[in-house]
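Please go over the structures that come below.
Across the two complexes that follow, subunit A remains constant while its partner is subunit B and subsequently subunit C.
Our next item is the complex of A and B:
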C-alpha cells in the first residue's frame, strides 16, 4: 500500500470524489480513502436534484449557480454519462398564503440572477398535477443527475488523472505534530497502515464529526433522515422536478420540524430509467437508515394529494439516507483553525449533489493556491461560535 | 456462461456488466447494484440476487454463504399507492 500522499481525502461520497477529481486535475498527488464502497453513504441514498429555486438568495444561490455551470460540461469533461438533464423545476403553490410568500422568494432570487417565473396554470406543463394547485414557480435552469453516476464518474476521472482510491478501508486516527508551537497534520492511520501527508480533507458526510474529533475539533453536523419511495418504471410522465411549498419552508428555515416531527416536504422526479422518486422526510433519529410505515404512508398521502392520478402506480421499494445537517443548513467548508493542514468539506444537508462540483473545485483551489476563486469565509466553522 | 447472458432480467444486466463492476471494485451486492442497476427491478433482486452473489464469491474470493443479501426496505412486494394509504400496520 502507498505510504504517503500530498493530500488525503477521507470519504468516498459525492463530495470526497469531487475534491479528489479537482485535486488530481491540478496535479496534486491525491489519495482518497473510503471505509465501505463508493456511494455507500448518503450519496447513494438520495435524489438527483440540482434545484436552484430552493437556495437562499445571496451566497447560497450564487454557489449553486456556479455549480450548475460546472455540471453543464461535466459529462463531457469526465467522459461519463451522469444522466444530466436540464429539465426545469417547479415549486407548487396550493394556497393564497403560499402564493404571497413565494412571490417574495422569487423576487430575491431574480435579484441574485436566477431565471424564474410564476406560472398560473402549471397543469399545462405537467398534466399529472391536481386541479387544486393554483400556481407554480418555474425555472428552466433546474436540472437533474443520477447521483450514483456522478460519484462513479468523478472517481473514474480522478483515477485517470492519477489519484488513488482505496475502498473498504477505514481511517482510524490522524496523527499530528507540533511545529513551532503549532499543531500540524502528520499522517493518517488506517487498518492497513500509516500514510504520511501534510493535508487531510474531511469529506466524511454525517461522520465528519468523528474524523474532526481525531484532531480534537468539534463539528456541529448531525444526521437528518430522509425517506424516499421508488415506483415501477413508467413511460415519460413528468418532465420537471417538483416540490411543494412546505418543502421550501423546511429548507429555508432549517430548524422547522413540520407537523408530527416527520418534516414532510414533497419532492418528485422521474429518473432516466423511468422510475419516479417520491420524497421525503426530514427527521432527527440518529444514524437509523431504515424506512418506517408511518413515513411511507405519509409520503404516499402527500403525492396522491398533488397527483391523484398516480394511485394505480406501484411502489417497488423505499430507501432512506442521512443528510449531513448543520444548524443553518449550509455546509462547513475550508481550513479549521487550530490544526494546520486539516480541511473540512461536509455538512451539505440536502444539497450535496447540487454543490459537489463547486465544492470540489474550490477546495482544490484552496489546497493548491491557498485561496479559492470564490471566498469561503461565509462557510467557515466560526459562524457558529 | 458467456458474458452476454442476462443475469438480472428486470433491468437487463448481463454477466459481462456485472464482472466489469467487480473489476471496478464492487465487493457486495449493493456495490453491484450501484454500478449496474442489477437488483433494482420490479422483483427487487429476488431472481438475480443469488446469481450475483455466486459471481461475487467466484471472483472476489469470498465465501458464498457469507455474502450479505442486499438491504430490503418495504414494501417487500410491489404495492399500488392507493393500497399503501389504506393499509394498516407494518
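Our next item is the complex of A and C:
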C-alpha cells in the first residue's frame, strides 16, 4: 500500500471525489480514502438537484452559479455521462402569503445574477400541477444530474489523472507534529498502515466531526435525515425540478422544523430513466438512515396535493440519506486554525451535489496556490464562534 | 391494527408458520399480496417426493388446499391482496390494502416472502417471449394459457425439467433444453421423462441470442467450454417463440434488509441470505425467516422451516413452552433428513455456515 501522498482526501462522496479530481488535475499526488464504498453515504441517497433558486442571495448563490458553470462542461471534461440536463426549476406558490415572500427572494436572487422570473400559470409548462397552485418562480438555469454518476465520473477522472482511491479502509487517527510551536498534519493512520502527508482534507460529510476530533477540533455538523420516494419509470411527465414554498422556508431558515418535526418540504424530479424522485423530510434523528411509515405517508400526501394525477403511480422504493447540517445552512470550507495542513470541506446539507464541482475546484486551488479564486472567508469555521 | 405474530407471505412456509403458531395460541395476521393463498403450491401439479410426513405423493395444489383448510379451521386472520411495503422500527409493518394504507404493529414477524426468479442477459433478452420458467408454469397451470408453441428451455435444474414436462403436457413443443454445466442439474427421473418424450437435453450449451423484431422468433444456442466460454462456430439456431429461463432463484429479502437484518452471501442458497439461527430467528430479535427467503431450497423444507419459525415465535411469546422444545427437535430432525443426498448435503453445509455466525 502507498505510504505517502501530497494530499489525503477523507471521504468518497461527491465532495471528496470532486476535490480528488481537481487536485489530481493540478498534478497533486492525491490519495482518497473511503471507509465503505464510493457514494455509499449521502451522495448515494439523495436526489440530483442542482437548484439555484434555493440558495441564499450572496455568497451561497454565487458559489452555486459558479458550480453550475462547471457542471455544463463536466461530462465532456470527465468523458463520463453524468445525465446532466438543464431542465429548469420551479418554486411552487400556493398562497398569497407565499407569493409575497417569494417575490422578495426573487428580487435578491436577481441582484446576485440569477435568471429567474415569476410565472402566473405554471400549469402551462407543467400540466401535472394541481389547479390550486397560483404561481411559480422559474429559472432556466436549474439542472439535474445523476449523483452516483457524478461521483463515479469524478473518481474515474481523478484516477486517470493519477490519483489513488482506496475504499473499504477506515481512518483510525491523524498524527500531528509540532514545528516551531505550531501543530502540523504529519500522517494518516489507517487499519492498513500509516500514510505520510502534509495535507489532509476532511470531506467526510456527516462523519466530518469524527475526523476533525482526531486533531482535537469540533465541527458543528449534525446528520439530518431526508427520506425520498422512487416511483416506477414513467413516460416524460415532468420537465422542471419542482419544489414547494415550504421547502424554501426550510432551506433559508435552517432551524425551521416544520409543524410536525418531519421538516417536510416538497421536491420532485424525473430522472433520466423515467423514475420520479419525490422528497423529502429533514429530521434530526442521529445516524438513523431508515425510512419511516409517517415519513413516507407524509411525502405521498404532499405530492398528491401538488400533483393529484400521480395517485395511480406505483412507489417502488423509498430511501433515506443523512444530510450534513450546519447551524446556518452553509458548508464549512477551508483551512482550520490550529492545525496546519488540515482542511475541511463538509456540511453542505442538501447542496452537496450542486456545490461539488466548485467546492473541489476551490479546495484544490487552496491546496496548490494557498488562495482560492473565490474567497472562502464566509465559509470558515470561525463564523460560528 | 395489532398482532402477536405477523406472517408475511402465505406460501408453504408462511401458511405452515401461521398454522403452528395459531395452534399454540398466538394471535396471527397472515398477509399476502396475491388474491389467493398458497404461493407457488397451486401451480405445482406434480407429486412431491419424500416421506409421508412431508405429504409425499400429494401434488402441490393438494398440499396448498390442505394447508389453507387448516388455516381456516384455526380462524387465522388472513389479509389477501395486501402488500407489505415496508417494515419500520419497532416491528411496524406498512400495509397497502385495496382500501388504502395502514399500520400493523406486531410483536413478532415471520418473513416468508419466498424467492424471485433469476434471469440471464443476452442479446434480445428483453423481447416479449423471454420469460422465467416459473412464470411459464404459472401461465399454464394457474391461468391455463400456453405462453408459446415452440419453447427453448434454459437450465436443467428441477424447475427447468419439471416445467418442460408440464409445457409438453399443456400442448407446447419443447424444442430443446440447454444447460451450461457439463451435466444435468436436477433429478434423473424428471430428466428421463422429457427425454422419453423426445426433448433433447444439450449440456455444455447456453443461449447466445434471441432473434425477432417485436417478439421472439428464433433462438441461437452455442456450446460452451469448461470455463463456460462460448465456442465460436458451434452455434445452432432454432425457430422458437418462447425462451424460458430456469436459472435459479434469489431470496426475496427486501423486507429483511429494511428491518436491519444482517446478511451472509451463500451462493448455494441463492445469494444474500438473512443470517438466522436454528430457530430461524434473524439478527433482529423477534424477526424470523422461513422458506426460500432463508435460502433457496424446496417446498417440503419451506413447510418445515415455516413450522419451526411459527413454533419458535409462539414459544418466545410464552405459549406452549414445554411442548415447543419437543416439537422443534422433531422438525429439526426431519429437516436434516430432507437435506440428505448429494443435493441436500451442500445446502446442509451452507445452512451450518449461516448458523455458525448467527446469534444464539
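Keep this in mind: the second predicted complex is superposed on the first by the 385 of 385 C-alpha atoms of A that agree within 3 Å, B and C clash if a C-alpha of one lies under 4 Å from a C-alpha of the other, contacts with A are read in each partner's own complex, and residues count from 1 in each chain.
The definition used in the following text is that a contact is a pair of C-beta atoms (placed from the backbone, for glycine too) under 8 Å apart; a residue touches a chain by one contact, two chains touch by 3 or more.
Quantities reported herein were computed from a predicted structural model and do not represent experimental measurements.
In the three-chain model built by superposing on subunit A, subunit B clashes with subunit C. By the document's definition of touching, both partners, subunit B and subunit C, reach A:315. Of the two partners subunit B and subunit C, more subunit A residues are in touch with B. Of the two partner chains placed by the overlay, neither subunit B nor subunit C lies in contact with A:180. Contacts of A:301 after superposition: subunit B is touched, whereas subunit C is not reached. Applying the stated contact rule after C-alpha superposition, one finds that A:385 touches neither subunit B nor subunit C.
Of the two partner chains placed by the overlay, subunit B and subunit C both lie in contact with A:293.
Put simply, of the subunit C stretches 259-267, 277-285, 295-303 or 331-339, the part that bumps into subunit B is 259-267.
Overlap of the subunit B and subunit C interfaces on subunit A comprises residues 290-291, 293, 296-297, 315, 318. The residues of subunit B lying in touch with subunit A in their complex are 11, 24-28, 30-31, 34-35, 37, 41-42, 44, 72-75, 78-82, 84-85, 87, 89-90.
Residues 288, 290-293, 296-297, 315, 318 of subunit A touch subunit C in their complex. Taken in their complex, subunit A has these residues touching subunit B: 37-40, 44, 148, 152, 165, 167-168, 232, 273, 290-291, 293, 296-297, 300-301, 303-304, 310-320. Taken in their complex, subunit C has these residues touching subunit A: 85-86, 88-89, 92, 94, 101, 103, 258, 260.
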